[in-house]
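Handing you a structure now.
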Amino acid sequence: MQIITEKLVSKTIKKRASNTHKGSFGRVLTVGGNAQFGGAIILSSSAAVYSGCGLVTTATDPTNFASLHARLPEAMVIDFNAGQELTEMLAKVDAVVIGPGLGEDAKALQTLTLVFKTIRAEQILIIDGSAIDLIASHHLALPNAKLIFTPHEMEWQRLSGIPIGQQSEAKNKVVQQELNGIVVLKKHHTEIYTDEKTFQLHLGGPEMATGGMGDTLTGMIAAFSTQFSSELVAAVVSATYVHSFIADQLGKTQYVTLPHQIIEHIPQAMAHFAASKTNA
Amino acid sequence: MQIITEKLVSKTIKKRASNTHKGSFGRVLTVGGNAQFGGAIILSSSAAVYSGCGLVTTATDPTNFASLHARLPEAMVIDFNAGQELTEMLAKVDAVVIGPGLGEDAKALQTLTLVFKTIRAEQILIIDGSAIDLIASHHLALPNAKLIFTPHEMEWQRLSGIPIGQQSEAKNKVVQQELNGIVVLKKHHTEIYTDEKTFQLHLGGPEMATGGMGDTLTGMIAAFSTQFSSELVAAVVSATYVHSFIADQLGKTQYVTLPHQIIEHIPQAMAHFAASKTNA
Amino acid sequence: MQIITEKLVSKTIKKRASNTHKGSFGRVLTVGGNAQFGGAIILSSSAAVYSGCGLVTTATDPTNFASLHARLPEAMVIDFNAGQELTEMLAKVDAVVIGPGLGEDAKALQTLTLVFKTIRAEQILIIDGSAIDLIASHHLALPNAKLIFTPHEMEWQRLSGIPIGQQSEAKNKVVQQELNGIVVLKKHHTEIYTDEKTFQLHLGGPEMATGGMGDTLTGMIAAFSTQFSSELVAAVVSATYVHSFIADQLGKTQYVTLPHQIIEHIPQAMAHFAASKTNA
Amino acid sequence: MQIITEKLVSKTIKKRASNTHKGSFGRVLTVGGNAQFGGAIILSSSAAVYSGCGLVTTATDPTNFASLHARLPEAMVIDFNAGQELTEMLAKVDAVVIGPGLGEDAKALQTLTLVFKTIRAEQILIIDGSAIDLIASHHLALPNAKLIFTPHEMEWQRLSGIPIGQQSEAKNKVVQQELNGIVVLKKHHTEIYTDEKTFQLHLGGPEMATGGMGDTLTGMIAAFSTQFSSELVAAVVSATYVHSFIADQLGKTQYVTLPHQIIEHIPQAMAHFAASKTNA
C-alpha cells in the first residue's frame, strides 16, 4: 500500500483561479437525516460547504430544516420524501452523498432506490452508513455512476461478506473491483482501494472515535471531488487525509475532537495545503 | 471605469454622531426565503443587522422563523405570505431587499408584485436573485423607487438581454439607464453602473465563490443605504467594497470564506474605515 | 443629577459567598416574544442568565421555544398564552420582566393584565417596550410591586404625557413619583429617576443604537435586582452602567455592537467590577 | 472523607489506545426534557458528547429535536413518549441518564417507570433531578442496575428523608447503603458516597450557582462511566472533579460560568489530565 503523503494532498488542492464563480466548484446534494438521525446529514452538508463546494443542497426529513439552517444558512433544503423534487435536484448536481442518518426503514429504501435509479454515469455518488447496510441487506444492484463507498469495518463486512478479522488487502481489492468504485475503508490506518493503487492513511488518532466523524468525511469527499474532479482518486485520498490531519492538530489539546470542530477548521487546512503546494 | 478606492469608502462610512438612536440608522425589510431557500434570507438579514441598520424585519416563510431567530435574535419576522402584514410593514421602512431565496413559483411572483405595487418613490429597493429572474421571465414593469439591482452575469443576461460574452460597459450602461436604477453586476471585478460614473471593484478573490455570498451583499447594501442615505451611490459602492475587503482579509488563511464569516466581521471592518476617514 | 461612577458599580456587584447555590441568586421570569418579536425575549432572557440569575424562565409564544433553546439551553420555557401556567410561575419568582416583544394586540393586553393582577408587593416588576405602550394606550392601573420602567424617550412621552423636547429632570421627577417606581429613561446620557436621587449615565455611544439593546438591558436589570436585592436602586443603576460599559469596550473596534455580543461579555465585566471593589 | 485529588483524576482519565473506534467508548442514552425543560436534556447530552462518549442518543419530547440538533448535531434523538422506541434503545446502551428536565407529571412517571422496568443489571443508570423527586414522592422501587444518584441537598432530603441541616456523613452513608448505589450529593464541597470510601470535592465556587449545572454533570458522569468503566467509582469521582475544575478555571475571569461554557472546555480539560497522568 502507498502511504498518503502531504505532498500528494498539496498537489491536489489547487489554488483557485481568479476568474471563477460558485458554479465553478460544483454542486453537491446530500441525502439523509431521518427524524432520528438529522445530525448526521447536518454534519455531512456542513463539511461540504466548509470544504468549498459552491452550492450544497440537503435532501432530508423536514423536521431537520430548522436545525440545519440554524447551523448552516449556506445550504439549501428539500424534503427527501418528495420524489419529484428529489428527482429534479438529482439532475442538477455533480456529486451526491447518500446515507448519513438515512436509516434503514421502508422510506429510506425508497429514497435510496430513487437515487440509484436517477443517478447518471458521469455523476459522483458517495455511499455511506445506512445506504451501505441497505445495499447489503436488500442485495441492491449498484447504479452506473462514479461510486465511492465509505464503510467502516463492520459495514464493509456486511457489504463485502469478508469478516472483520479477515479483511486483507488482497480480499478487499477483489470486492472493490466487483463494486467498480473507490472504497474508503475507515479504521485505524484507513485504507483506500481504487482501480490502481491502494492507499493507507497514517494520520488520525483515537480522539476521532466519536459519532458523526464518518458523516463529516462524506461531505468533504463530495466537495473535494467536485472541485478537483480531474483526478477523482486524488480528491478522495486528499479529503480523507485532511479530515484526519485536522483531527490530529486539534487532538494535541483535546481528548476528543468533535465533528463540527473538524468542519470549522477545513478552510484553514485547505489553505495550508494549497499554499504549500508550490514547494512540493 | 473608476476603480473603487479605500478613500471613497472611508469618506462614506461616517463616524456616528453621539446623539443618535436606533431610528437614526434606518429600517430595513428583507423579503425572501421560501421553504427551500431559507438560508438566503437569514444571510441577507444578518448582514443588514451587522452592518448597523437600526431595525431589521424579515418577511419570510414561517418555516424559517426558528432558524432565523436562533442565529439572529436582533431581527423581527413576519410571514411573507400574509399580504396585509407585508403591506403594513412596507409602509414603515426605508429600504427593502427582495429576492434572496424567494423562489420563482406563483407565491413568489405574488409577493414580488405586492412589493412592486406598494413601494414608494422615496424608498430604496434592492432587487436580487429570484426577483431579477421573475422580472425577466414575466416582463414585470418596474416600480417607481430608488432601485438597486444586484445580478450576477447570468441574471444580468436574463434581465438585460445581453449575452454573457457581450456584456460590455457601453451596452450595460444603456440598460442601466433604461432600468433607471443602480446596477451592481457581480463578477470577477464587479462593476457598478450608476447614472453618473461606472465603478469597478478590484478586490475579491475566488475564496468568495460560494453560495450565499450575493445574499449577504444585499443586506449590506440595504444597511449602508439607510445609514449613508445622502449619497446612495457611495453607499452602494462602499458596501460592495467592504464585502470583498473582508473576504480578502479572511482569504489570507482560508481556502473558502463562508458568508456568515463575512457577516461576523462587518462591525470591525466598518470601524476600520470610519476611523481611517480622518486621514483620507 | 449624580453621574454614575465605577465606584458605585463596584460596591454593588458583591463577590459571591462560597456557600451559595442557584437559589441564592434569585428567580427571574421574562414575559414577551409574540410570533413576530421572539428575538426580543430571547435577548432579555439571555441577558438575565449571563448576568448570573440562578434560574430564568421565559414565558413566550411556543413558536419561540426552539430558537430560544438553541441559543440558551440554560433557560426554561412556558407558553405565555396559558393563563394557569403563567399564574403558577409568577408565584415562584423574585423578579418579572414584561414587555420585550410582547406586542400590543388583545393577547398581549391579556397577558399584561394577568401579570399586573398576579404580581405581589414584594416582587420586582420591570416594565418595558410594548408593556409601557399598553399602559399608556389603555390607561391601565399599575400594580402594587417594586416597579421599574425602562422607556426610551418616545415611550416616556406616551407614558408620562411629557413631549420629548420638554422632558426635563423636574417634570420627569414628578411623574416618577406618581408612578411610584424607578424610571430608567433610555437616551443619550440615560437618566435614572428614583425616590431619592436622579442618576445620569455618561457611558454608551452610538454603537449601541440598534434593535434589541433595550431588551438586553431588561434582563440585566432583572438579574442584578435579584442578586443585589438589598439595594434595588444600586442594582438598577449598576446594570445600566455595565450594559453601556461593555458596549463602549466593544465599540473601540466595532462600528455597531450587537445585543448578543454585549450579553456574551457580561460575566467578564461583572468579574471586573467585583474584583475592583476591594480597592474602591 | 477523602479529598479528591488531581492525581486520582489523572490516573482515571486514560490515554486512549490507538486501535479504537466510537464503539470502544460506550453508548449513552439521556432521557428527559419535556416541553418546558428541554434545555436541561440538551446540556446533559452535550456534556456526554464533549466528554468523549462514542455515541449519544437523546430521548426527549419532539419539541426539543430542532434546538438539540441546532446545538449538537453529534447526538441522535428519539421521542421519549414512544414506549417501543425507548425500550429498544435502552437495550443498546451502556449508560442511561434519567431526569434532567423530565418533569414530574404522569408522562414523566410513565417514562421513568419504563426505564426502571427495562434497565439491566450490568447497565449504569444515573438518576437526577425530577427522577429523584418522582422516586421520593411515589415511593418507587429501585431497579437492579449500577445506580448513581446526583441529588442536591433538597432532593437528597426528599429521597433520604434526612433534613438538610442533619445530612451528616454517617446518616448519608446509611441511606447510600440502602439505595445500593453511588450518591453524588451536590453542595458546597460536594460529597460522593460509595460502598467503600466517601469522597469530598474541594473545588467549585459560587460562579457555578446557576441553572443547568447539575444537568451538565449527569452527562459527564455518563460518559466518564462508559469510558473508564473498569473503575466506576473513580469515573464518577473524576467527572465531578473535572466539572468543577473547569468552572474554577473560567471563574477566574467570569462572575458566573454558564453550563454550556463548561461543556465546551471538557475536551481540553480531559486532555490536560490524561497528559499529566504519566507524572502522577
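Order as written gives the chain letters A, B, C and D; numbering starts at 1 within each chain.
The definition used in the following text is that contacts are C-beta pairs under 8 Å (C-beta built on N, C-alpha and C of every residue); 3 or more make two chains touch, one makes a residue touch a chain.
Computed from a predicted structure; not experimentally measured.
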Most distant chain from chain B, judged by the mean position of its C-alpha atoms: D
Chain C against chain B, contact positions shared by both copies (same if over half, else different): different
Between chain B and chain C, what's the gap in Å when you average each chain's C-alpha atoms? 34
Chain A to chain C: how many Å between their CA centres? 48
Residues in chain B with touches to at least two other chains are numbered 66-68, 70
Touching residues on chain A, where the partner in the complex is chain B: 13, 16-22, 24-25, 49-56, 65-70, 72-78, 266-268, 270-271, 274
Which of the residues in chain C end up touching chain B in this complex? 35-40, 42-43, 46, 63-64, 66-68, 70-71, 152-153, 187-188, 205-207, 209-213, 253-260
